[in-house]
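Some structures to go through are shown next.
You will see chain A twice below: alongside chain B first, and alongside chain C after that.
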Partner chain A sequence: MVQGRISAFQLAILMFQIILSSSVLLMPSISTTLSGKDMWMTPILGSVTGYLTIWLVLKLHHLSPNGSFIKLLVGTFGKWIGLSMSVAFIIFQIHILAITTRDYGEFIVTNFYLKTPIQVIIGAMLLLCAWVVKGGIEVMARTGQIFIPIITFCTLIICILLFPELNPSEILPMFERGVQPIMKGTIVVGGWFCQVTLILFILPLVKDVKVFRKWGYLTVTAITVMMLIANLTVFMLMGESTAFFNYPLFTASRYIAYAEFFEHVEAVVMMVWVLGEFFKISFYYFVIQKGIAETFTVTKPAILVVPVGLLLFTSTFWLARDFRMIGEFISNAGTLYIITGNVIFPFLVYCIARIKRKIGSGQAQNKA
Partner chain B sequence: MTAAFHSHDQAISPHIDQVRAQMEALLADCSDAAYLECMIGKKVKGFFYYFNGLTNEERLNEIRYDIADWNIDEGSEWLESIAQEVTAFNCSRTDSFTDMMDQMTLGNAILLVDGNDFGYVFSLSEWRKRAIEDPVAESVIRGPREGFTESLDDNIAMLRRRIRKSSLKMKGIEIGEYTKTRVVIGFIEGLAAPELIQEIEERLSAIVIDGVLESGNIEEYIEDQPYSPFPQLISTERPDTVAGNLLEGRAVIFTDHTPFALIAPISLFSLMQSPEDYYQRFMISTFIRWLRYLFFLVALLAPSAYVALLTYHQEMIPSALLLSIAKSRESIPFPALVEAFIMETMFEALREAGVRLPKQVGAAVSIVGALVIGQAATSAGLVSSPMVMVVAITGIASFLLPHYSIGISIRLLRFPIMLMAGMLGLLGLLIGVIGIVIHLSGLRSFGVPYLSPIAPMMVGEWKDVVMRPQGWLSRQRPRLTRSGGGFRKGERRKNVGTSNRRE
Partner chain C sequence: MNRSRSIRSRLILCGLSVISVLQLTGCWDRVEVNDIAIIVGAGIDQVSANQVKLSAEIYIPEESNAETQSGGSKSASGNGKTFVSSASGSSMSEAMYKLQERLSRKLYWGHNDIFVFGQKRAAQGIDDDLDFIMRYVRMRERANVYVAEGRAVDILGINPRLEPNSMEALSELSKTEISTTVDLKQVIERIVETPEETFCVPYLNPGSLLTGESHIRKPNVSYFQGMSIFNKTKMVGWMNNDLTWGYFWITNRIKANTIIAVGHHPHNETVAVQLTNSKTKLVPHITPGGKWIMKIIVRSQGNMMQNTTEIDFMNPKEHAELVELVSEEVQISIKNTMRELQKKIKVDAVDFGNSFRKKYPKQWNNVKTNWNETFQQVQLEFDVQVSIPRPGVLNQTIRQMKGGNH
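== the complex of A and B ==
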């Protein structure tokens, strides 16, 4: 396998999609439940997490030897603790990916293919992802450059087509229930933004890391704008009843009807979401495969593609008995869980590594 | 003794009768080999050897009479005099039987002289060639009407007439154990990347093969990914296409005995462009390019989209249309997928038959074809009329692409996508499309990403993809990986001449 390299811009595009893919569809409902009429503010406030994570990731990248996070862990905590930490981190990512994949499968099965076994839907998706992961990050980035503009365009078109149905007064009055509900919603949005941490594993493959700072912050801004558009559209259309739907934007698309024949575009929303999830899953897949390869110093990462794929496939079903369990997990502990793993853990690693380096250089000076 | 005579490595004997015996053994059972006896200066015996039909025999006879009248000095000096006289003709020396046979198969005549342990080669090759004609597979409304022929030299001459600079280089190489086919790499020095030329040379010289009969034999060996349905080189029979591509820094590979030259490297988008695009007005060409992109998708997806919508997403079809489709499908015993498969296979069979059949039978096939695909099939209740329409549109769409090779690839890919759509509806269709794009993203043609300039993105080159820019707007040459690209000559169009000035 040729371990291709990508440009900062290509990584930015992929990052844009992996954050947006599930959030546009799922987030409006959750943030309405938590923040009510002020739900549209949550992406703006939540983006702070995004900027912070980008900053943290870049700092960690500069600290890491050869840009490898796992080498940093080993270097800071010693071989055994470092390796077990990296294994734990990878298992954590597998868990998150399993939730994402299951969510995707359930969406397709409950809304479109009622009689198709979920294993087929998820298996087909994982096969595609395995193919692109085998091709390497370069192939994934190029596929992204073809599809991600189309996904974004379609999402925007759906929002634009809903324009005549919107009722802007839905969002008034502002701050109806004070600041606390907004903060609750913000944390949930932060749970999406913090997935940016994944790029820690991809940064060593970026040709021009120096310009990534700019692209990273720009991408977070772009994600915020897209989330804002989706949230506003959905909420102005459905008001507080947004909270009752699992996939409000999908429900919203049913309102689209033009010229007596352009209607029932739900299947288009489905296709857009499948495309988006394809990038999210394959990105996670690639990171997990790369993480395992680095932890156990596998020289040919390509041989891991199939075993990792099988692991992901089975873990999707080990995860929970039914979708309700997942739903409960996401709305109760999920956000804290993902933020702990993706922000707090790397942040602690960063602090300890910095302190250790300070002490190390102090000792070196003392010796000299 | 005969075994020794068959060896190509033996020395050429200075005694003319022995040489004759050697030659006869080598040319045994070659009924098209001929020889002519001659007396140089009416004193020294010599023999001309050549192959019938490959050599200009009139000219050979003239030479034969000419050398009979030579004055040859007496004594031992005559050997040198022959050598001097002979150089007055277009002639060279050859020292081995292997080389002699090579020269004879090229159409040259060999002169063996008594007392010499070498032969003389007279360049007299001449054989019947097809005249330069219209390119059949790539016709244009506006543009040059000449196409390549089977003669390598004519083809190169056609190109040389178009690009009159010594920096147009032609590197020759011989491929094929038996055919010894001449293959020539053409490129413009300074525009084409040296690494590209080196890579093409390396790949060509690595070919070990009995025979090269067409450029397709070579293409198979030098393309990056042989297990891909997509062509990674353009084959063309138009000199202007070749010249245009050379000017963009690409290289061309000519093969002797075929009118098809190969162009490398290419991208998917160069397969969507016709040379005529640059001869028509830019707005019209831009429109036509968009039309091609649209119908590229139609050719690939129309039948599968029809199957998917009809089987899984009926709600997306407007109700009036859905009713009429349902009515016409009422008596059809097959599901939409089977119907689509039957019709698409039938169409492909008719297309192939149309290509193969002799002209006299062609009319019959088109009549029968119209019946099979058209009215009769519908009224027999085998297929529904909307399906007939979808198949017809798909068929037309695949012929809209200017290069046959890309048209046939997407016709092939249509079938698996149709199957996916039949199993999983639009999701299956999407999975198929994602699969194709993954494949294309990983594909390269001589190091150039197949989807460039879209992925990886080179915004500067989008002009030539989303539109057909006017000459002065497209000064940037394509950056074919590694090569610098650089700028074309040219400034913005100026309005010169008096009639253009405003009073």
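== the complex of A and C ==
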């Protein structure tokens, strides 16, 4: 299969989009519910998770033989434990992707295609993603280079068009409810940032890993800035009522009106959402496919595309019956779940691998 | 190898093309323009204890065609380009369902800019209706909200003389200095952010007063009669146009073109100033003794519009007197409004609470549960200044010129 290789910059762009795609739309509501008027601080504080994850991922990458995380697991924990760990990790990622995909479908069905079955919307998206995944990471990266700037530009345009309606004093008073609510919101934002872990699987395909450190930190900063812009725009427009809406940025875009004819620009948000989720889903899809291929040493990973796609399609519906169940999961256990899988688990792996290596090298020295 | 590969890819292509046939049935959510009934305004009334009546002003698409064909002869008959249809139900959504039964086309809310609540409905509370309005996906947050004395349905279907329909007339008027726009977003925001769900929306004259026979607009009656005040999402009172004027000053809603006319004693002469811009700032203050004070700072500019007094605009000393006179007028109207709000209606319609909350979050937390009690005790300080930098085209009054000729 033509896996192709990408540059650090291309990976940075993809990373930028996979974090932002769902967060810009969903986050303002959740962080307003949790942090109230201080919701705009949460991306800044939450970005710490992003920086930490990048650091951790790079460390892990250097530890791994040939940059393969699965090989590191096997090398550290032995064949059976290592393989079952990697299977668990992949199932975890499938679960996260199922939630993401379902969220995507729910948004479209709630706001635009009220009568279209959600299966069709999700199925069509997965079909497209399967095509890209089959094309390999290079195709995905080049698609990203074309479309991600457009997505970002459209998001910014919406924020700029809302500018005259904004009321900056909405964010006062600061620290109204103390520090604890801000921390709660920050953890949720961390749940988005920690998805950076996924690049662990892509790094072996990057031509210039050495410069990725710089790009990685830069991307996290860029993501923070975009989140901040989106959060501030929405909050200064709608105040605490932001928490009422499922998709505040969408509601905000509907509020844009100029000169009685420049109205109804909410379709732009839909475009941003569909394109953004396309990158997120295909990135996850690719990682899952690659993970399975490495775990079971499949020689032709391309044959996995269709089975994985079917698995993803069905798991989006296994996962929850309705919007309420997903919402409940995301706002209760979801954040801790995703942080455990994406940060704590790799961190423990890193610690154990380091300790083992130290002991190993110590023994080697003793022998000599 | 190569051959089997090309056969396989051909098979895949065949499969894909078969799948794409499924898509030819079209989109599930296809809506044709000639299948929808576009709502331009909606009215909500209370008909009995638990029955709500939803009236919709619906655009008639054929009308414009017919008019161009008949060369405008139809417009004289007073037939508007919209019609009003209403239905009752136990809730707004049920009423909408019943309303839909009567129409051959699907109701479309995407262009609705106006919600009018009848006085009775407003007094009962509008939170149930707001839940439907905000939840229903096609609604627009920018739609303006009004309350009408009497029934809302009478406001719909008025035939204005200048605009194509009454909803257009209402939203245009709201943009001018005589009223203000309050849209759904603002209402929801105030409901969430104020401790007792306090907000104001423009209050309309009863439809029966506005129209004569066959719904033609009476030219001599204004649409607006002030602002209605809601507390706990129920309408608890209203301010007449004079008090509303003060309300606009306090809440920084006063717009350019507003005219301040002062009757100057002894002979009831007039000084009139047309505003070019205005800015009101509320500066809250809590004294160590626990007194809540609100300082209302108004900085306005306006041009001389009429001056029938003896005061000379060009004379520095007398100019100051002029400024004093006009500022005084504004201050009095603010005072009147505040007296009404603090002593009679006893509701913080001017959003002082928010200012205090921003500056004194701790003290605010203690009083917010019964803020309206504290609001009545808030003392006021004023710093009103209406500067008049330009005299208009004349530099003297006619009387002064005559005096100079002597």
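We adopt the following convention: the second predicted complex is superposed on the first by the 368 of 368 C-alpha atoms of A that agree within 3 Å, B and C clash if a C-alpha of one lies under 4 Å from a C-alpha of the other, contacts with A are read in each partner's own complex, and residues count from 1 in each chain.
Convention: contacts are C-beta pairs under 8 Å (C-beta built on N, C-alpha and C of every residue); 3 or more make two chains touch, one makes a residue touch a chain.
Computed from a prediction, not measured in an experiment: that's the story for all the values here.
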Winner by number of chain A residues touched, once chain B and chain C are compared: B
Chain B versus chain C as contact partner of A:F9, first or second or both or neither: first
Partner chain(s) touched by A:H264 [first = chain B, second = chain C, both, neither]: both
First (chain B), second (chain C), both or neither touched by A:I18: neither
Which superposed partner A:I326 touches (first chain B, second chain C, both, neither): neither
Which of chain B and chain C A:Y255 touches, first, second, both or neither: second
Which of chain B and chain C A:P117 touches, first, second, both or neither: second
Footprint overlap on chain A, comparing chain B with chain C: 112-113, 116, 120, 263-264
Contact footprint of chain A on chain B as seen in their complex: 312-313, 315-316, 318, 321, 424-427, 430-431, 434-435, 437-438, 441-442, 449, 451, 454-457
Chain C-touching residues of chain A, taken from the complex the two chains share: 110-117, 120, 169, 172-173, 176, 237-241, 243-244, 251, 254-255, 257, 263-264
Chain A contact footprint on chain C (complex, rising order): 27-29, 110, 134, 137, 140-142, 185, 188-189, 191-193, 357-359, 361
Of all residues in chain A, those that touch chain B in their complex: 7, 9-10, 108, 112-113, 116, 120-121, 124-125, 128, 131-132, 135-136, 138-147, 260-261, 263-265, 267, 270-271, 274-275, 278
